[in-house]
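Below: one structure, written as structure tokens.
For clarity, chains are labelled A, B, C and D in written order, and residue numbers in each chain start from 1.
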Amino acid sequence: MRPTRPRPWFLSLTVLSLCLAGPIAIADPGAKPHPAKSAEAQAVRVLVAYHSRTGNTEKMAQGVVEGIERVPGAAAVLKKFDQVTKEDLRWADAIILGCPTYYANIPGTMKAVMDEWAWHWGIDFTDKVGGAFATGGGQVGGKEHVVTSLLLYMLSNRMVVAGPLYEDTRGTGGIWGEPGSAAMTGPLDLGVSDKELDAARRLGERIARLAKKVKSG
Amino acid sequence: MRPTRPRPWFLSLTVLSLCLAGPIAIADPGAKPHPAKSAEAQAVRVLVAYHSRTGNTEKMAQGVVEGIERVPGAAAVLKKFDQVTKEDLRWADAIILGCPTYYANIPGTMKAVMDEWAWHWGIDFTDKVGGAFATGGGQVGGKEHVVTSLLLYMLSNRMVVAGPLYEDTRGTGGIWGEPGSAAMTGPLDLGVSDKELDAARRLGERIARLAKKVKSG
Amino acid sequence: MRPTRPRPWFLSLTVLSLCLAGPIAIADPGAKPHPAKSAEAQAVRVLVAYHSRTGNTEKMAQGVVEGIERVPGAAAVLKKFDQVTKEDLRWADAIILGCPTYYANIPGTMKAVMDEWAWHWGIDFTDKVGGAFATGGGQVGGKEHVVTSLLLYMLSNRMVVAGPLYEDTRGTGGIWGEPGSAAMTGPLDLGVSDKELDAARRLGERIARLAKKVKSG
Amino acid sequence: MRPTRPRPWFLSLTVLSLCLAGPIAIADPGAKPHPAKSAEAQAVRVLVAYHSRTGNTEKMAQGVVEGIERVPGAAAVLKKFDQVTKEDLRWADAIILGCPTYYANIPGTMKAVMDEWAWHWGIDFTDKVGGAFATGGGQVGGKEHVVTSLLLYMLSNRMVVAGPLYEDTRGTGGIWGEPGSAAMTGPLDLGVSDKELDAARRLGERIARLAKKVKSG
């Protein structure tokens, strides 16, 4: 639903009512990548872009979207990295990137596309809020280095970054954060667990909340 | 000048007028670590805490304060890391940490104190804005790893982080950011240059501006 | 059993026969930190130094020693970081460091001691082989950053570094490595599992084997 | 000069005599990527693979080759990353990778090719010795993160890594190392300076010397 495409008035109303009712996640990248601009004027817009080969990172990406949906007035767009458009990037108040770990770093094919975004597409990322997530095997297999690398990419592009928030549920009052979210998906621990999905949701929620603060500030 | 200490009315007025006139940097940690709470209600408060053995990092820290002072309504407090109090940390809307590079990382003595801040002092850093700077010798001597380490410390403590902003002055329209600021102070390039001080000022300015956004958001 | 202490001839023989029979791990730092120099002339000597508060990292350190013991002619010394002596560091052909994760990095108290080793003790680490391990909670809690930080410390001190080796046991022929070993010991996954201990053993074995190569090369 | 290509006997002799006289660097990747296998049996073989757009990283790569040439019995092959063959990778006892910094990391196009090397080409990198270099602008622009990322790639592929060695020439007896070599090539400091070229040469020399130790060990 880009501004350049004509569309009937009732669709706008539908989008508007959805925005009022809660956040929107649109996973089909071909159809309508983000809500009508008029309707979303006050909302915070979060792009979740990911790389996934086996489906694990996609599951985490969906968890991130669920977290964004917890925040009233937040709209999410979920896209594979190679389907992200200039418009998606400009539209976004916040960008959350996620990928599997290839040799302790971002997959080269995804990084090549990210290099395009910043360099050849001329996107201005200033003050957009960023978050990162990763999947990968091994306790020291590089998931963290992927998250750090995604955050450094964002900081080098003038973004503001943060991670998910935690609190101890055993009544100790302990609180902490993490630089991003991840799922161990290698031989030690296959698939995406509930706790790992919870980490993805926390990331989406934190970034959406923070983006609202920064946008209205 | 903590709230718990009695002080004459005219001092309050002085602080108030200084706040109205511009930001305040107070380097003497013993005397008045931060402005009166009443005067600063609307201001954004930035703590700059640093480690310096030879004076290079201190120069960078002073550059950071100069950058904060460019932002109307921003108040800076400059302190050596081992003189930072609980009150300083609670008071701060933003915290900028800087240190020399010891074997590619934060000096152990400073990290030990930082461990105390988060663990034993029970400071809640949630949504405070953070920035980092470093000094060190060598092109791959660890200055970057120090900056990344300081940012990961902040993210692990629920902070929001960002770095200095740059633009190409040659009219290309190029803009970029960096994860933090640093000065090369080793055998290849002694001392703190004007360009490095400029990086420190840009860091202070960005963090102060961002802290205003986050605080009022 | 430092050279400066007189000791009876039969003790020497005991140590010699132990050396011939297999590697030696001596955990009591006060008594005999490393085998007699005469006996170990051809052996490779590995120091395992660690920080442990709750015992998890100590368990991993013991796993590392078990891995060293798999290598014929390798002698291990296991010590808490604050009990390591100049002699231990000079004696070692290889050094494996491990610690818990404090705010995504090495505990400050341990880093402060490590700063002493390199700076004030004047140890020459050139071509000593190094490896690293960590414990910590969370998928992005900083275990990897600790491992990377320990390796960068070693590289900044002229060491050569490597990590544990793995191979796919399902017959795919897949092989890979990791930069170090770690155990997740936080709320998601308490304690040190068998697979994590296995990672520690692999680290010890790899570093001992590699140290033999470098020493005899 | 691969074994599969027929070539006149006098060329073999030339290569042999060059090998005996000192190391060989062959920059033309199309012609003869590495010396005849018979001649190099005892030599240590170092592949230097790089990405360069403006020529700065290529200059550094040539400096690395000069450093390798200081080591008797070391043979270097210099290639752009996208011209490296399976044979080059298998042939190498050591691999030194270098590239410019794109948004604080390895250029995506180069990482994509590196992903192929390890994954689809099935190269066994075990115990090959690795080193890394980078170019880039800014004091915190990501050169270090590139070097660390290249080293983590190598460690994840079972390699052994090290960096250049330094000593204080002012008679203090001070010695140190760095995780890799780099040149600042951005707005603060254009081009590759003599000191930066020296860092490249030190990297080549260290890696070649270490590869000899590991190979003969």
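Here is the rule we use: a residue touches a chain if its C-beta (ideal position, glycine included) is under 8 Å from a C-beta of that chain, and two chains touch if they have at least 3 such contacts.
What you see is a predicted model; the values in this text were computed from it and never measured.
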Touching both chain A and chain B (chains): C, D
Proportion of interface numbers common to chain A and chain D (over half same, under half different): same
Rounded Å distance, chain B centre to chain D centre (Cα mean): 39
Where chain B and chain C are represented by their mean Cα positions, the distance between them in whole Å: 37
Interchain centroid distance [CA atoms averaged], chain C/chain D, Å: 29
Residues of chain D touching at least two other chains: 104, 141-142, 145, 148, 152, 155-157, 163, 178-179
Residues of chain B that touch chain D when the two form their complex: 104, 134, 138-145, 147-148, 163, 166, 168, 178-184, 187-188, 195-196, 199
Interfacial residue positions of chain C with respect to chain D in the complex: 124, 126-127, 148, 151-152, 155-163, 165, 175-179, 210, 212-217
Complex contacts: residues of chain D adjacent to chain A: 102-115, 118-119, 141-142, 145, 148-149, 152-153, 155-157
